[in-house]
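Following this line, the structures themselves.
Here subunit A shows up in two complexes: once beside subunit B, once beside subunit C.
Entry: the complex of A and B
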């Protein structure tokens, strides 16, 4: 039995996650200043961001729309009236001495994250609430011995949504699956980049253990500084073991906020409950209650795309593609493009469209830093290209050449193929082709020797020779079969 | 050259080319520089900026352009209203050298209306105080008697207008800070309806109560200045839509007057009592329909005000931490120590007192007993007024329990000082427009009459004040200390 199995035989693991996602709106939560990761320090600021004397916050309606979008996608109940509040503490990266957040009256409650597991099964993890707030700046502490720190206020005021799950997650692996599913949802909705390294998705975890079957939750600790999925899994695993050891020794857990130290691979106490700060929340007097009218909710509801797990299930069923392919199409927002290409294909099957998009289109997008809304090749051209191959009018290799030309701006798949002189396959009699192959084999004793020793990679060399001689118009599959037969004689 | 004392007369003559804005500005600058050492109304006098602007206005007139309704009128700005490139201290060491990179909304409107910004006016530190004595830049003195305070917190604004250093000034009113000093200095000062004037650029004391308003020699000039600064601002989320004010005020119907009987009856000072009796006689003699009204929860006003105002203040003043702007302690051992020393050195006594009170009221375990309960009483006060305004159009009440007190008289007695605001805070609690109009003298010291109106009926209060001021002509009395 592994350690973990020993623990879970005796205790239920109870995990709740608080996730912050940064909304990719044009402006900040309460000011017109923009936010972008990685900009020169203190260049994305204005008097409002800096909390200069006399400035006032103004709610960014685009951020509210994004918030509504997420609430609708997760089935949360949106409150018509919500409020902003001030949360007070002193720290240099908090410009006003308070953070504007939602406290007693969040804009929505309830809902659930559809968590997908590797086997494709889906379970719903219920949410407590989602609320809107503003981000802080970033403190940069110098190395030991330097007696000052620097603050970058670029991030200050960036719009955040805090998504609070119920304590309904039961293992570190589930926690990671939850985060990945949430990431996929917010990317799918186009409201957040959800990049943990850049901090546009951040996670704090609450964890406690209780005797198996007990109704009463154990004392919990909160873990901060979880900057990657790996950190989430490792920190939770560490903390579960720590709780287990404490409980088994007959001691009780001290309610505390812990900091994950990835280098040491352990958690450290940041502050205990006794040291907890009094944030002195009170309603933000500079902002009237936020009113979200039902018409606005309905207007946004019409723009919500189907959720990732729904999209995947549908793609597999409707188009007969693999779960793996569906996964990539959904997470890279390529579903609409795929459906457009697949819809045009005749006679090629949809599966071919998925292959092309996942390899060629995605590679092009990544190389050119492009967006899925603006694919490098039109759906019409790509569909035609795939059909030409399917009909045997174009070889796979030449089709890729045509694709590259199209991606460079050329239009018309057939026209481009013609211009490149690659249209058509070699109309060579089988015996003619076989003669060419036998000839190549005779002239390549070294490669033949390698083949005989079991090095099957040299097949690439043989096929390449034929391609050179036929200007790529030979069908690779056919030649491979031919060579195999000749070499194994 | 005969330079008028009233803003509307200056503007008329500058617009028609009779007067040069630069001559007007020069005249007021000279007067200010002569009087300021004794009165200390100005923290910053912007001679150069004012004259530059005045010359621009003169060339606009020469080109046949209209500089606007305040053409060439020198205006003083209370030093808690942000002025681009002109330091804005809030009367505090904390912001002794702070120069804003932006203009407050009202300042932008003033510039667009042809006004000449003469400089920044002294005030109680962060607008906390009712005497002008808590300013880091020294107390302002009352032009009617240099031994007496001008009231506060808009001490410099009131004193400067009363002394004729500027025809108009902007003040701010959180719990009487425009009206009480107006009463003490014999001028007209108005707190408009909450939300009628944008707060963008007003350094916050208590956000749900703060309001910028006009201070002038009479009700017409106050109305003129209010018409320039009132109106919706997209960058103040508490700003009211369609809140412009039309000048001149045109109300034909006879307004019904309510007398706040319980407030009047509580007056012990004979001079103030006599002024109030005289005011009521005036309205009776002029055939106003008069009703007694009651405001049953008004007695809780000061207590509720101090809980809510200090709570919000403790939050609003959290940003002064020595990190980004303003004062920072020179010597400190670590971050915590830097915060403590910076705030200890940067803030004065009264500000510290209020930050501590507010922090206490918002603390876990006390919040419901103080803040939440105070909000409930605030709602009751608001309802009292709503009920009263069902049968009257304006309410008259005393402005202050006594005329101006002597410098130092209440400096060690904050409770008595707070009680001076008991008639003033009601309007802030309910978000109502209210003004103080000169209503007589007690010896050499002015007494003010307070006129309150329903929300967005600022015009009512101004209309009644215009009628009333004609009776006594007290608004034309020149303070003895500045007689030539």
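Entry: the complex of A and C
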């Protein structure tokens, strides 16, 4: 029995996650200043971000739209009237001395994240709420002996949504699956890049242990600074063991906020309950209540795409593609393109479209830093190309050459194939082809010797010779079989 | 309503105000009389009244998502007590607490 099994035999693990996602609007939450990760420090600031006297915050409409989009996708209940509050604390990365956030009256409550596991199963993890707020700046701590820290306020004021789950997660692995599913949803909706290294998706975790079956939750600790999936899993695993050891020794857990120290592989106490911050929330006097009209909700509802887990299930069922293929198409936002190509195919089956897209199209997109909305080859050309191969008018190798030409800007799959002189698979009589192969074998004693010694890599050489002589129009599979027979005679 | 020196000390700490013992004493008296004055409000019957979030009967205006920099970044940095390397310089921070 592993340590973890020993623990879970006696205790229920209870985890709740608070996830911050940064919305990819052009401007900040309450100011027109833009935010971009990695920009020159302190260039994306203005008097509103810095809270200078006399400025007024004004809510970014797109941030509200994105917030509504997420709430609708997750089935949360949207409140027509919500309010903003000031949360006060003093920390150098908070330029105003308070953060504008939603406290007693968030814009939405409830809903659930459909959490997908590797085997394709889905379970719903219920949410407490989602609220809007603004991000802080970033402080840089200097090495020992330097008596100052440096602060960059570029990130201050960037729009955030905080998604609070119910304490309904029961293992570090589930927590990671939850985060991955949430990441996929927000990317799918196009509201957030959800890049943990760049901080556009950040996670704090609450964790407690209670005796198996008990209704009463144990005392919890909160872990901050979890900036990778690995950190989430390791920190929670560490904290579960720590709680277990404390409880087994007959002691009680001290309610505290912990920091994960990835280098040391352990959590450290940041502050205990006695030192807990008193944020002195009060209604933000600069912002009247936010009203979300039903018309706006309805307008946005029409733009909600099907969720990733729904899309995958449908693709597998409708097009007969594998879960692996569906996963990639959904993660890389290639579903609309795939469906357009697959819809045009005749006689090739849809799974050929999936193959081409997740190999050639995706590679091209990654090399060229392209976006799925602007594929390198039109759906029409790609479908035609796949059909030409299916009909035996084009070999696989030549189809890739045509594809490359099309990606470079050439138009018309058939026209391009013709221009390259590769249209039409060689309709060579079998005995003619065999003669060609025998000829090559005769002229290549060195390669034949290698083959006899068991070096089967030289097959590439033989096939290559036929391809050269036929300008690549021969079918590689057929020639390989031919050579195998001749060489093993 | 009695306000203890400890309560004043806590509020002062939260607001990062350094008060002497004498000031804590006199502040406790001031705060007591302010709270007594404001307590008058609790005599009003607020049964069924929505809590006020804003004194004006307005709803928030939304701003289109158009990025704009007003070009004041350098000026803002200049008004900071200390800056360097393109950053604001602040007293050293460790593990979430100022020292």
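For the reader, a short list of remarks on this structure follows.
One rule holds in what follows: the second predicted complex is superposed on the first by the 474 of 489 C-alpha atoms of A that agree within 3 Å, B and C clash if a C-alpha of one lies under 4 Å from a C-alpha of the other, contacts with A are read in each partner's own complex, and residues count from 1 in each chain.
Heads up, the rule we're going with is that a residue touches a chain if its C-beta (ideal position, glycine included) is under 8 Å from a C-beta of that chain, and two chains touch if they have at least 3 such contacts.
Keep in mind that this is a model prediction, so the values were computed, not measured.
Judged by the touch definition given at the top, the superposed model places A:288 against both subunit B and subunit C. Of the two partner chains placed by superposition, only subunit C is touched by A:259; subunit B is not. Using the contact criterion defined above for the overlaid structures, shared-chain residue A:187 touches neither subunit B nor subunit C, since it reaches no partner. Contacts of A:90 after superposition on the shared chain: both subunit B and subunit C are touched. In the overlay built on the shared chain, the residue A:25 is in contact with subunit C alone; subunit B does not reach it.
Of the two partner chains placed by superposition, only subunit C is touched by A:64; subunit B is not. With both complexes placed on chain A, subunit A has more residues touched by C than by the other of subunit B and subunit C.
With both structures placed on the common chain, the touch criterion links A:98 to subunit B but leaves subunit C unconnected.
In the overlay built on the shared chain, the residue A:280 is in contact with subunit B and with subunit C. By the touch criterion stated above, A:50 is placed in contact with subunit B and with subunit C alike.
Judged by the document's definition of touching, subunit A residues 47, 50, 52, 58-59, 88, 90, 92, 151, 278, 280, 285, 287-288 lie at the interface with subunit B and also at the interface with subunit C.
Of all the residues in subunit C, the ones that touch subunit A in their complex are 10, 14, 16, 52-56, 58-70, 72-73, 76-77, 82, 84-98. Across the interface of their complex, subunit B is touched by residues 47, 50-59, 86, 88, 90, 92, 95-98, 151, 278, 280-282, 285-288 of subunit A.
Those residues of subunit A lying in contact with subunit C across their complex are 25-27, 32-34, 40-47, 50, 52, 58-64, 83, 88, 90-92, 105, 139-142, 146-153, 259, 270-271, 278, 280, 283, 285, 287-291.
On subunit B, the positions that touch subunit A within their shared complex are 80-82, 88, 90, 95, 98, 100-102, 104, 199-204, 206-208, 234-238, 311-312, 314-315, 317-321, 323-325, 335, 339, 359, 362-364, 367, 371.
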